[in-house]
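Lettered A, B, C and D in written order, each chain numbered from 1.
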Amino acid sequence: MMSSQSVPSASPHEFDRLLESIHSAHRDNRAGALADYIPELAKASPDDFGLAIATVGGRLHIAGDAEVPFTIQSISKAFTFCLALELTGRDTVLTRVGVEPSGDAFNAIIFDAVGKKPFNPMVNAGAITIAGLLCETLGASAFDFVLDRFSQAAGRPLTLDETVYRSEAETGHRNRAIAHLLLANDVLKVSPDEALDLYFRQCSIRVTASDLARMGATLANMGENPVTGRAAFELRAVRNTLAVMFTCGMYDYAGNWAYDIGVPAKSGVGGGILGVVNRQLGIATYSPRLDARGNSVRGIASFEMLGEELGLHAFDCTNMGSSFVSTLIR
Amino acid sequence: MMSSQSVPSASPHEFDRLLESIHSAHRDNRAGALADYIPELAKASPDDFGLAIATVGGRLHIAGDAEVPFTIQSISKAFTFCLALELTGRDTVLTRVGVEPSGDAFNAIIFDAVGKKPFNPMVNAGAITIAGLLCETLGASAFDFVLDRFSQAAGRPLTLDETVYRSEAETGHRNRAIAHLLLANDVLKVSPDEALDLYFRQCSIRVTASDLARMGATLANMGENPVTGRAAFELRAVRNTLAVMFTCGMYDYAGNWAYDIGVPAKSGVGGGILGVVNRQLGIATYSPRLDARGNSVRGIASFEMLGEELGLHAFDCTNMGSSFVSTLIR
Amino acid sequence: MMSSQSVPSASPHEFDRLLESIHSAHRDNRAGALADYIPELAKASPDDFGLAIATVGGRLHIAGDAEVPFTIQSISKAFTFCLALELTGRDTVLTRVGVEPSGDAFNAIIFDAVGKKPFNPMVNAGAITIAGLLCETLGASAFDFVLDRFSQAAGRPLTLDETVYRSEAETGHRNRAIAHLLLANDVLKVSPDEALDLYFRQCSIRVTASDLARMGATLANMGENPVTGRAAFELRAVRNTLAVMFTCGMYDYAGNWAYDIGVPAKSGVGGGILGVVNRQLGIATYSPRLDARGNSVRGIASFEMLGEELGLHAFDCTNMGSSFVSTLIR
Amino acid sequence: MMSSQSVPSASPHEFDRLLESIHSAHRDNRAGALADYIPELAKASPDDFGLAIATVGGRLHIAGDAEVPFTIQSISKAFTFCLALELTGRDTVLTRVGVEPSGDAFNAIIFDAVGKKPFNPMVNAGAITIAGLLCETLGASAFDFVLDRFSQAAGRPLTLDETVYRSEAETGHRNRAIAHLLLANDVLKVSPDEALDLYFRQCSIRVTASDLARMGATLANMGENPVTGRAAFELRAVRNTLAVMFTCGMYDYAGNWAYDIGVPAKSGVGGGILGVVNRQLGIATYSPRLDARGNSVRGIASFEMLGEELGLHAFDCTNMGSSFVSTLIR
């Protein structure tokens, strides 16, 4: 009924070869459509396709348009959640936002009827709540703090895309509705304008696939950037962040992702997907054509192929957790 | 911001000591109430409290009432899902039942509006669908097959609790409603009576905490019973089963469990909880007083303490996946 | 801003002329589709189109296929509700089923979360509950009682369409699911089989548009058949029945119907629609092509035209309630 | 089974006697609680209890605190809907808001999933949409227009309660959320601030039970104030308004109200309830203690008694529509 499967014996250049082969395999896939809910997102180059793997040993492997900038969008939610845990503690965070997957779309306006709070920090309602909590704690410097930590994680100074930010701020009526509802439910303690301003800004931070992979490797490396050796996130907060990414990171596709890919991940409507292999890798894809759930079509296909080749699934039976650590990562 | 944490250096007898300390810590916790939705379940001894850890090396560690029999109830859902994957394949299974956590209660009658199928195999609707699929494939021998495989996993012949089975069959009106709805939605292809009979039987299989721990160790051991060396489950199906247990195993508490405990798990209203540490351990608790979500109160408390002590969380940053494997397990 | 409108001065033959003109106006409208959820319904002649008006004075006016038989289907729900009110009283009925419009489709399986009972007796769940209540009260003679009263209302002996009845009984999985759920919620006190058998039978009673119009005139005439002078329904129950028909009779189109047509009404998937102008008229249309909500397309169009011409709307400002009573009805 | 019931032979002073007896019967009923969702509402005198009947003949009958002012709150929704129908026409109004009862609470944030618009104009979402439509049509003069028409209907100049208005504007987070959601769904075409300002103002208009009864009599009198003879509302719009009041006016109690009382009505959290007997009466009650659904406790009890005594139910079988018109009203 079952057979023993040999442990993958990849070498560093194998990551390069693997990324190239994935890039070739999916380059011609033009399924999906650009996000158009804010005008600026619809201006992305639809054919861009970048892949990057960053290891906890500090290596970076890329293929395609891995240096093309795009806005981080909802992937920021994982990192701001991690920062809120560090700044205000697990208990405070949990009074404001749950950690239950809800099966709802990213922009669902329905809250947990019992807890009267957003289901989890990966849907918009939860992320706006977390933004409000950061504002509450940090005041006017909240965005500078976020940008600084994101930059520490990426290992280089990141910047805000002012045009996307303004576009989001002007058109985010549904998010504004959500923020007022959070205020009505008493889980938002600052003004909707203040929380939304941070939220729209954090979503408009410009990254590349390489940056995202580095940021993922920082999570995989217990919060410490593998290249600079500087801490960007708190150790314990990282564990909780990865757990929520695993159960809630891919919207109403989260369960399927956990089933098939099996790594903590987060996607954004800018076209990025970030995956984290704990203690080993940050993996990022960039391709702006999205499926109906708002996930990058080529990104999901790439992760499927990558996961299959490397045996990344958290519950893969044939990898003893971290089999390729020593040979490939450092 | 972060400190390196020393790798736990437990020894086999440390498991015994740990189980004893957990048993002492929670023995006097009488919170919660017996399940009473079927009369037979309300006859359990409310104070029973058993703990068991089975390793992939074949060891068994127990504390308290680990040899008291109770009915497996919903914990069976994880194993029948695994068997359906083996018998009919991933694609067939996914046409009948999704793998998305829904945030709903175990007995929710709401299906995925898009897919017109149950959200996942861990809620009743999904488990009845899986039972129907097993009947469809195996015909009249379906229950014998299930009982045989469960017994292989436990390493001893398990038996049916006829009284509980009859009690469930007589009072399961809501499950009967669900089965007819599955038929109406064309995801059930056998008669409701046939699928429900298997479902009520599989739920009424008698196990002890020791049995459950062994069954979990069989999953952790790539589907092979660590003591007998005989295969009970298919390798690839195990991975998928563990993934769904992780995201959906604890009903509407699944996200919190993933966040705090972080191991694939499944609970049953009989009072059992099963957790699996991939490639290492099966862990089982038995205590029949349940919280409002239907999970064992002392069971959850025990897993929290155990997880903290052993660093079991799948996304714990300080364990390199399988740190205590060699020293403790074999 | 407003002008006084002359009171309609119709005479009996004006009803005939009006029905003829409506028949001509909509005869060529072939929009909509036959119900196909049970095979037998799909065998109706799609072009059949009958209209009938029965007055409380005993007159009958018809046009088109007003003598073609079809099954009464959900229109029966209004009459069985009326009978349950008579037999068991307002209070008993209200403990089992609400009277709130729900905005849901006719076959919704969601119950009022507070009351744990169906929203109203015009959706399937409520009608099956009422069928159960009739069985509870009348035992094995329930259907004979229903058929007798329906026949009294129509003024001639009605019969059961055995083929449709058997077809419904064989394929009604969703209704069976609903019945088991009613049992689980303790609002059904007889077996699902018993309640469903009555429900499927009552839906399979054969009527013509003329019959339906007579049945409506019986309601309009305080429960007494205008021709035979014999009572079919209880006075007080009639009022409550008309109220629920007004708010809930047309499924999720009920509000629009109340807004535009404004008479108590009930439609069935067999193609009939019954409207009641209190103290004056029973109006029936038959045309089996249905819109997406399950209402007859030509039926709705006919009622719109009829309502406009006769000023039937319950809240029409220009009719002093019963303006045409004396001149046209007797 | 049924008996003929004598037509009520009330005389004008019988209305007075009836109101007095109702007032006595319910004066000591202190069930319910003041609305406290805005601080100002909690300052009402909880024991106030006023009753008023205004006839289309111009008479006014009162009992108790019928001249105590309170804010009209949601009762304004019926009148602004009527004005929107007059100004923009039935078709335009229906593109923005439905007319289906939803079974939801007054402040539900869920919209009709198909139409992407509020279910009906009597829930907050629908009323804010209507306010937006009035702003769109009338610009800055919208509130003056509304106040003028309300005053025409009442027959005296009404005024704004500035304190309540400011209190609503400061605390209406949930309504602000709804307005932004309406904007996101493109059914609101002016800014949320503009629509909400009108909405909060219209809700803060001060009326007495006598005023409300007069306003109801104006609706009953085809839109024309019975005393002044001046038109306040358009004839055709009145019919549609009464229909929507009948099906949706009492929130999630609308169906029960239609069943038991059976007159078009609208309640407000200020403590008022308005009922309209078409072509005959406006009836108003004022008592600020509310039940769980937001309806005045003594108001509902008073209407029940009044309806029973006068046979007001729209589908009462024993009244030929307008039986007491000539004797009592003029």
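A few comments on the model shown:
Convention: a residue touches a chain if its C-beta (ideal position, glycine included) is under 8 Å from a C-beta of that chain, and two chains touch if they have at least 3 such contacts.
Keep in mind the model is a prediction, meaning the values are calculated, not measured.
The set of chains touching chain B and also touching chain C is empty. Averaging C-alpha coordinates per chain places the centre of chain B 55 Å away from that of chain D.
Chain A and chain D have Cα centroids lying 50 Å from one another. Per-chain Cα centroids separate chain A from chain B by 30 Å.
Within chain A, no positions touching two or more other chains are listed. In summary, the structure contains touching chain pairs A-B, A-D, B-C, C-D. Only residues 1-3, 5, 86, 98-104, 112, 119-120, 222-224, 231, 233-235, 238-240, 242-244, 246-248, 252-256, 258-259, 262, 264, 278-279, 313-318, 320-322, 325 of chain D touch chain C when the two sit together in their complex.
On chain A, the positions that touch chain D within their shared complex are 109-110, 173-174, 176-181, 183-184.
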